[in-house]
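Chain IDs A, B and C follow the sequence of writing; residue 1 opens each chain.
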Amino acid sequence: MTNRPRSAAVGSLSKLLALVLALALVAAACGDDTTVPITAEAQAASDAIDAAENGDEPEEAMEDEAIADEDAMEDEAMEDEDAMEDEEAMEDSADVRIVSMSPTATEMLFAIGAGDYVVAADNNSNFPADAPTNADLTNFPVNVEGIISFEPTLVVTSSPIEGLAAVGIEELVLPFAATFDDAYTQIEQLGAATGQIGEAAELVSEMQSNIAAIVEGTDTPDTALTYYHELDDTLFSSTSSTFVGQVYALFGLENVADAADPDGESFGFPQLNAEFLVTADPDLIFLADTVCCGQTAETVAARPGWDALAAVTNGNIIELNDDVASRWGPRLVDYVQAISDAIATANVPVAN
Amino acid sequence: MNARPASIRVSWIVGGVAFVLGSIALALVIGPTPIDRSGVLIESFDAALPGSFDSGLTDQQQSIVANLRLPRVVLGLLVGASLSISGATFQGVFRNPLADPYLLGVAAGGGLGATIAFVYGLGDGQGWFDLVQVFAFAGALSAVFLAWVMGNAASAGVTELGGDRQSSATSLILAGVAVASFFTAIQSFLQQRNTEDIRQVYTWLLGGLTTSGWTEVILLLPIATICVALLLPSGRMLDVLAVGDDEATMLGMSVNRVRLALVVIASLLTASAVAVSGLIAFVGLIIPHTVRLVFGSSYRIIVPMSVIVGAGFLTLSDLVARTALSPSELPIGVVTAFFGAPFFVVILRTAVSR
Amino acid sequence: MNQQMQEPALSVTNISFRVKEATLLDGISFDVAPGEWISIIGPNGAGKSTLLRSISGASRARGNVEVFGEPLMNLAPKDRAKRVAWVPQTPTVPVGMSVIDYVLLGRTPYLHPLASPSKRDVATTKDILEELSLESFARRAVETLSGGERQRVVIARALAQDTPIILLDEPTSALDLGHQQDVLLRLDRLRANGERTIISTMHDLTLAGHFADRVLMLSKGTVASIGPAAEVLTRSNIAEHYGADVSITNVRGTIVISPTISTPSSFELPEHFNQHHTPPAKNTNSETESSSMSSDATAEPVTETPDKESHRVAKSLVLVNTGDGKGKSSSAFGMMIRGVARDWNVAVVQFVKSGDWNVGEEKVGRQLGVDWHNEGDGFTWSSDDLEHDKAIAQAGWDNAKALIMAGEHQLIILDELTYLINWGWIDAGPVYDTITNRPKHVSIVVTGRDAPQGLIDVADTVSEVVKVKHAFDNGILAKRGLDY
């Protein structure tokens, strides 16, 4: 056996492994499983049709809400309330019963004022506090009958749940967001599905403007700062190609993990070598494992060989909430703010 | 007559030690960070005898060698030796070529212990050592204990019915399987109820020396030293056990007492290794077999040679794990299985065709 | 040899062993003198192995076992193993273990659990290997040895334990005749100096009686009979406990037991054929019979034969012509002619002779319509092409077997078949089975020197042609018309 086929096989094996770990990672972060994305266009179309079928008389409480047409969905031109008035009426809000199997979706639903429609949320939907989290609603494995028992009219999930269609229950698949736009689109989709179109649009624009303002107001150093985003204490990280990577990219930060997964074999979630990290010596260390793994600036500093790291000696370790730093919902703004604060207070010697 | 009883040859020990030293040297000088090779070796001696050598490395390089590479290499040696000698012992005690150190539920027990620690947020790394290690260790030992109690209860029933002693080893293995299934079931349940910890659990289950430091070495070293020292001279007893419980008893061996002692020591050793390194697969199965095929089938040879070969093998496997996809880590279980299995087949073939 | 012993080497008192409701052993007691060999016999399920295991301590039986007055049951395994060694019927042979390592296991009771074998242990082991002529095998893996060699190795391990008592469970059951004899003779020598006492279970009653000083017959978990072979191995004892009909002969002091083969008595053979025939008979020849008569070893009746009333007609017979004299085949061809005269379908299979040699009988045979097969063609007779000859022999026998089982002949002559068996070219067992299970109306005549015991056992009539003088010995070549 020569070395070549072997290392190729190692590659594909590690790819497989990385896939497993990546899936597990997503699960850990949001209790979701990500596989088949459904395009916003198709989803919006199906929503519109659905709304048309179920439509009745508009309720007073909903007079400024109406179903969005497909174009409106795509263009994010949701504030044109007149156009919406003309559309067929929304279904009776009292009839909307949502089961959210995605923690991010749960956050979004509550943020657009559709929290009342959520009759149950999965075991990982831990925010906001009044979300009807149900410990028995799990994604691993998913219990379809358990979901049905809540008599939902709509199930929001991050990956298609087999069997729901068979019993005629509407399913809205909102997969792991790859970009900011994905995240905004999902909020709008939820708005359309719940008749909270206006609130959804408002939330999106608010998030957009807030984030823009934070980025604008952050004084980034001339030399790009490097950072390490830690997913757990065995040094799993995310590269720039992931959603969180894009968050850091807003500030022009440089991700040290990119070297570990140049061709995406680890799906953007490589496990880093400690020696490599010590050598890479990132300016900033973001801990997205404070909840899961109890990591703090102190525990990081106590790791063997880490005491000499610049981020440790300079106090540039940022403790993030695991969920905030992994979900693409309304708290994205908090996440961006945290990064901004970190940069602002970063103690980076000029010589660096 | 110049036939001699099976015994270890000096040349094997010399060769084995050379292999281990070579593995250590390789594992020390190769890494994601390029460091001057002689400097690494000098620094390693300096770490052993602080202040006696000047390696000429930068502080950061010194730290990498002393705090990252060296403990990882040492832990690899310890874990490899521990799993291999435990595997050899289990294979001998149960006269089962498929036996490995995880036979009596150590893996499942360790997995459950670790999962409990993760799920209840005990694995926070606070304090001097990790509670995950404590729980994994406790879980592993309780699984073996449970298997032992169940297996003995079952075999007592069999012996009362006039069945032969042979059945007690079988009962124990079956009890181990039952306990392992049971513990795995609980572990899966906990994991399923706490999906936010799922990745930590998976990572642990795959095993590895990724984040190990001197703490792990200090935890494992005393137990490993004592257990290995106790198991090393047990080869002759394993040879006696090879003729079956009945015959071994008639040859004057207190079979159940010997088996209990060996299982306890080997389990303790395995549980300790598992606690600091997770479930590293294949080592405990393949190394004793490889030794058997290369050096001879007497446990007087297999047991000590497994220690040497296992230590070197795991050190080299970990070297591959941290350099193959550098700077990314490859789970070591993937390496041991991926290189161990074909390597074993090659050895098996040459041994058969001999 | 009576129970008037000094202190017994082994004393078994009231051994009982129960499994749930079943009583496998019930109150067994006996003593064994130092240097004595006692054979435990009994039908299947009598409890022979259980008794041996109970004595050894491998099975936890109730009762008392003492070695030189010391109770064995309460001893630690280590101390027990210094007093009693056990040779199991089917030992577990660890793969790859060398003979010297295997025999060295016998030193276990003398070693601390964590100790290595000392030089003295190794020396003892080597002495024993030499004693049993095993030194040339010392490095070989035990599993590569033949059955006989392996059995010797297991016995060597027992000797390495250096115990006064050696228990052997069916030490010869897996061995052929020659190796049985070898192993038993060696055991006999081992106890010669009186330091070792042997208790063995035995399947073969003749061997059990021959080698042991006393025989213990076990039946349904109790001692049916114990004493010298001649007292225990009687027709009535064997009939009662084995349910077997046997002939018993005393050959120079050795009790020889052979089964009586009886076949159902419905009949089709011509009248006169019966009249000339003795009933299915035992295989002893008159020579040994008479010599045993003169033996003063025992007062027992020499031969017990079935009652005269039991004379009956057989559908067919198996005859064996053996011996070193001339006339075995010639006699068979005489029977061929008798068969033809009765309008039988007769077949002749010649296994070794071939070609020109037998033109005489073959020519006439074919003229008479005899089905003639020459299976001897193609033998190379060269030692380097043994496999070739074996294959020819096997093919020849396969044809003969097919001929027998087809049932188209009333008489089949298997000329010179014994050589194929004796030279090991074909397996003896299947031959005997085929003869035993032949179609009921097919008679068989087998010729050839040195008829093996198994063949004699399955035959009804066995004749030995004894050479008193042969022309060839005086340089006279075979005479056409007389010799072929």
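Here, contacts are C-beta pairs under 8 Å (C-beta built on N, C-alpha and C of every residue); 3 or more make two chains touch, one makes a residue touch a chain.
Model, not experiment: these values are computed from the prediction.
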item: Labels of chains that are neighbours to chain B and to chain C; value: none
item: Centre-most chain [mean C-alpha coordinates]; value: B
item: Euclidean distance of C-alpha centroids - chain B vs chain C, Å; value: 53
item: Distance between the centres, which are taken as Cα means, of chain C and chain A, whole angstrom; value: 84
item: Cα-centroid distance, chain A relative to chain B, in whole angstrom; value: 40
item: Multi-chain contact sites of chain A, meaning residues that touch two or more partners; value: none
item: Residues of chain C touching at least two other chains; value: none
item: Residue ranges of chain C touching chain B (in the complex, touch as defined); value: 17, 19-20, 24, 56-60, 76-82, 84-86, 88, 91-101, 104-106, 108-109, 111, 113-117, 122, 125-126, 129-130, 135, 138-139, 157, 161
item: Chain A to chain B touching residues, read off their complex; value: 1, 7, 9-11, 13-14, 17, 20-21, 24-25, 27-29, 31, 123-124, 135, 138-141, 231-236, 259-261, 265-266, 270-281, 291-295, 299, 302-305, 307-308, 322
item: Chain A-facing residues of chain B, complex; value: 31-33, 59-60, 63-64, 66-69, 71, 118, 121, 123-126, 191-193, 195-200, 202-203, 206, 208, 210-211, 213-215, 322, 324-331, 334, 338, 342
item: Complex contact set, residues of chain B against chain C; value: 1, 3-7, 159, 161-162, 164-165, 233-234, 236-237, 239-240, 242-244, 246-255, 258, 292, 296-298, 300
